[in-house]
């Protein structure tokens, strides 16, 4: 249930189509549906303004199907599933129509949403090995109704590739900067951009990258003041935050 | 030089008051003024849409005065100085009119700006010992033209205090959540809010807080998807990012 | 041998059924039985007031069977086996009657004990992926004679789910709070509860969760004073300590 | 306001001395008193069953005096102040009667409470350099109405000193084990005791003690199952938890 | 070539059986034999007083065979091979007579040496899961000519088991203390013993044991002054050092 | 009380000068003298074969004087005091005759002992900045009756300085290798020596030396098998262990 | 395109064979070729003076083939492929002529280059288990036109093996020092050499080597001033830097 | 004694001015002069091709004077002293002519050397707070006979400042890149340059910069292959290595 659905209900109340009590029942009585193994929070789209997302890891294909169905029965049009490996995706795809992306291990169930964001979200990444995470961010942002511009393979050791894209960077409403190893991309983009930059360290690298710790620390220490950081490999949150910013009224 | 000043120049061109070449000279020839010890970047407000900020630590009072004067001579109306200890503030205050806040160690030179942000920014913190950092965020946001609502002493171990403020949290355009120790405030607020939450870990605590590392890690691992994180004690960046979000058109 | 068995022996002495020397022999001569690969400590239930527990990891199914039999021959009625994978459980189940729980990888041999605890122990966890650890705590507490109330999927990003259960939390004699990622659950529950809260960080998460370190640090820094912490994934010790508290006279 | 005060109010209702509404006003209307810089939570003793405690660090002597007075005006008989340095203690002592302990940097305002705990709490520490933390735990437990037995200088490298005290350890209702360096004391006491052991790592040591990290990790890895751990140098929480356990009915 | 072999050569010189120059050729010309992939150091037994040891990990079975043969051709009577997995051991055993121990993954080629150490070496460990490392130390010490007393399963949480062995500990010439988790065994034994204690942390444990780091730090911080530490799981060096101490003249 | 004093008592028993019961009283009744703030363990020299040592840090000059006097009244001839700063040393020196070394911050009270060790102990260090720790080891070893050879400023970056001293290294009974920064000295000396090498990392260095962690890890990973390690800056334990080895019979 | 090719073009301009505009088109218009999944940077050899290198990990065999062909079509004569596992190497070898080295997992496509370096590059490593990394450095240097001298198995615990090679070390133009565990090799070689030493820590070791961290820290703390460090296991960069130094004019 | 002095001696031999034996005496007999507290290595300039450098920290002003005099008496013309605080510099300056730089805390004694390096060394740093370290590198390089170009305040968040200097970067023979916080400068410069880049992380920053660890890790993970790294704040080694590269023949 999103804000618009809620206003519809309230309008019906205003127009006498349903009573206030009936409205309350629609809204408040079942803030979440208890599925036993997980409380599907059907109110969250109201509280947070977005469609529901399912974190696929650690859930069985059956559990995911059940949650998707419950959400759609409660009015969601689009459900995003993240961290979904291929085996589960195939099982789920046998029951529900989903579009699965293997690189980012995400799936979208239901209709592709209209573009409701006000501007463009840029998703940039340093190298081809960061694609899994950049695509998670990009697909998340698209599933939440945003137009996404992808800038891939613009690592700072070939700074001219990035400089060529200055226009795109300066016009973005929000930018997701994905990088492993030394994570310098976020700072350079942060210095070029006037919008918020959400930095995502990746676990790509070896040796002293320590599973993404190196990029994480570098991004946290960015000398560009418009950079904030999410967890290592957390492309989803980055795309999600970019979408909220792009939908601010 | 901010976007508006730039448009003024361009309008003068359009109206034949100055030639295009003269305009270019105004804009491009001197992207930064070289003061010897630091290049004052008079173009950044154009590129990033905000007034200039000076990081006070490691600069002498004389250097700070010089930079402030250069910036104001180039048209800045408000200059924010962060990490400024009392001794330097007193020296600077003898030469330039500043408003100094001792808790957050910030000073504002020039006029207080009009409120140009579209909504309210909430700055929340867990305890009185986090005030230094929360105020840095709040004063930064105010210096950048935002209305700020302060929610202080709403730590999660007394969760009812926070729950009393749910309305304020749900109506914010951006929230800065400041906490040391276990850093749980960001997650709880993230779950209640529909806007982006910028989390600031503080170095408050002892023992296994390891100078803010504990809060930092907790915030990076937040189960709320709208939370991103800046460096330990970096109230400035949090207020800055919140301001950009609150000014998105 | 538990305290009650010891008193029985002493009563027999008091009633002249056995001599003091015979009693001493029963009690002191064989404080532990040497099985070669591990000294089964048949006196620990006397010293620590609980039935015996076997840490299954690193022991063969044969060794575990042998220890269980030795303990039961010495009078234990219930033996709990933790960290027992399915393969070993099936081998052991072929020789001894056990009840095996696959999620928590625990087994109980012998009779299910009477409920001897004075009140209720609450086991709470943040998400479905923490179940393995929460169930280890819950089954341990049950095996030690306690009534357990399970509060699962009450993570802090959906704080209203937790607030709905305030009554249950306030009436508990001891609470086990299980959480990975940011580990904030312990602090929020600690603030609501008047009994001791034993926090268990789990290794659930990715990136900067660093195998549970993030949750561990957050819990150690809890601003709620009634929270103490056990090792990452150590549901057993948490359930064990909760049981001791619930049995205090 | 503690549970007993609450029952008194409810009894007055039952006996017609005050109306239910008046009772509600007493209890619910002012869950906390807003002092501006800190919300003094006058309800916490109801929710958590103990008198109020003030964390002195980061507060001025004036703020502490104000909070103490507010609490006592709301009916608290004893207020414990921790992390209070000598300078502030002298200022506060000029206004309010307090008993100050310099080693642990704690002060007690108001009356010394009656002993209401059911048994004895043992506070053990490894060396004289751990006294500051052990005394914080001991004074806390005493301020909360417990009889405390101190076992100091019983480090594991002189194990016979500890073994001499086995009787005291076995009869305790709760034990606080304080140790720096290798932190082994908690495990050895845990093995001897049948009650919960709250371990407190101290920052005592040098080199690879890393400010208490070494002792913290050792205690978290204790092979004794009745050991839980609080933050480095957090004697207060340990004494507090021991007190709750010793007051369980 | 060990010291005795060297003296034999020198005696032959003294008795005119070979010339000094011939002796020098025997001794100095070929300080190591180049096998291409590894220089087998046939002089080390002279410089360090012990027979040769081969670190098996990362070498093929064929390489190990070749090195063993080279060493034996140069006069070694006993060769110890460590970190040797079962597959390689079986291949080697097909060519050379070895005694293989699967728990410690060590093999001994050649004759079992006479006991030349002056006293007894005690190898103690905390639990059955530490056996792999304790046996590596014990077999190493035996291969180097020492009598070894094994004290296994004497963890500190059951301190009476260890106290029962005080006599053995007090009479040792050198002690190897092997423990994972909290690593407290080294300190307790150090306090009871008058000889050097070589502590070996093991990687046994989970969660906050961090692969042996916890035990390592605890042992380095031992309050017993006769404790020194070797690398995690390095039973070999511990047995080796104990042997040198036991052979000091 | 050392082994010899004990034998004297037992001889008196054998010769009828005192009864067995009187002897027992001498020996066992008072295993430690309770000074209130610290139990002076007058039995340790019996159990561990060396004179008593006082860790000066955290003790007042008065406490140290009192402990020294107690120990000497019980028959100790030499007492070593470590980690003693100059101020305390001057106070103590006013009451008791001590020899104070400012570099290592150690003092020796009582007579300088006879040399009872069988061979020479070598103390080597890498640079002049490591002297404080090397001297702590050397003075400790001398106070325990050993002849000490000092090899200072033999860092591995000037390997020829160290190679010049090969003879001294090869003839030592035990070697203490003190180094900060990369800690390589221990491995190189370990490869040259046939006796045990006790490595002491120092906190000397900056940046990535992390207070001695770098040297500590390097020493623990030494490829020389005769190297064991003590805590950062723990020259005392190294000298102590070297002395035990040099006194092995 | 390397510097020489560029000069050829410029010479043609000078000799009127092509126009300046045609030259510019050759050089600047296509600074990189967009292959979709990765921008093959055909200009880098101009900017950095070396042939192209492909980091094989995370790329499919097909992608690698495509990049190699693109580069060669643009004039590269030699292409080095690193981190290439055997399976991919076999697929690639089916399409393009490569020389594959399994130990270092590197392949060279195209012609072996002439030796253009001015002197010799020494690659030294401590043990046979470091060969994989040393060979990556050596083959890289050879592929870039250098003569390489290999000094393998010269670990510091057998310092005489290294001292035998002092001449070779003193005559090198650049040295790559590869070592795991305590990483001391870099310091010792640094002290003997007059040229730059590029140190490569390897992940070889166990326990407290922490995947190469121990060697990394040791090398960063080297007391030899001519030592700089690259990432753990990064033999490629070390060989690459050594080659640049050996080609300096 | 540098290579040239040595050749002079050898030429004198060739010309019969001195005998070979006399030459040997000059060269080999006194490889270092023993000053008691430190062996001044008068041969190192021969072995490593540079003048002598004294690490001032931990040495007294008197010791430094003595070493400088010894070196100059043995023929050094220039002596560089690093890590020299102002107090000592003033004392030394009273006895020997030195040029002291307070920002970098370095002093140069003797003549300023001729420029013997073949090209230019660029020293770049990110911000004014990194100057102390950049100047240490620059002054070192100048003292060793190099021409140095300083590029200060070229941090990556204002990338256009750095891009303006591309020509200077591309023409350098060696570059020292100094940066704290996220350390991204090294990668960006590495990508632009064709010469070796020696990266120096600084301890500048706060919070998650962890004293330079963040910049250190970022630099080690640089995606530019020509970057190697020295210790945090080690400007000296960076300048020293750059000088060796610039002097390669």
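As written, the chain order gives the labels A, B, C, D, E, F, G and H, with residue 1 at the start of each chain.
Rule of thumb we're sticking to: a residue touches a chain if its C-beta (ideal position, glycine included) is under 8 Å from a C-beta of that chain, and two chains touch if they have at least 3 such contacts.
None of the values given here were measured: they were computed from a predicted structure.
Common neighbours of chain D and chain F (chains touching each): E. Following the contact convention of this document, E, F is the list of chains adjacent to both chain D and chain G. Its interface matching that of D-F in over half of the contact pairs by residue number, A-G stands out among A-G, B-C or D-E. In terms of the distance between Cα centroids, chain B is separated most widely from E. Chain E has its Cα centroid 56 Å from the Cα centroid of chain A. Note on chain placement: the centre of chain F and the centre of chain G lie 49 Å apart, centres being C-alpha means. Put simply, the C-alpha centre of chain E and that of chain G have 39 angstrom between them. Chain geometry summary: the mean Cα position of chain A and that of chain D are 45 Å apart.
Each of the following residues of chain H touches two or more other chains: 127, 158, 192, 207-209, 213, 216, 220-222, 231-232. Here the touching chains pair up as A-B, A-C, A-G, A-H, B-C, B-D, B-H, C-D, C-E, D-E, D-F, E-F, E-G, F-G, F-H, G-H. Partner chain D is touched in their complex by these residues of chain F: 31-32, 37-39, 41, 44, 57-59, 201, 203, 211-213, 216, 231-234.
Those residues of chain C lying in contact with chain A across their complex are 127-129, 153, 158, 160-161, 204, 206-209. Chain A meets chain B in the complex at residues 47-49, 53, 118, 170, 173, 192-196, 198, 216, 220-222, 225-232, 236-238, 240-241, 244-246, 248-249.
By the touch criterion given at the top, residues 126-127, 155-159, 163, 180-184, 186-188, 190-192, 205, 207-210, 213-215, 217-224 of chain A touch chain H in their complex.
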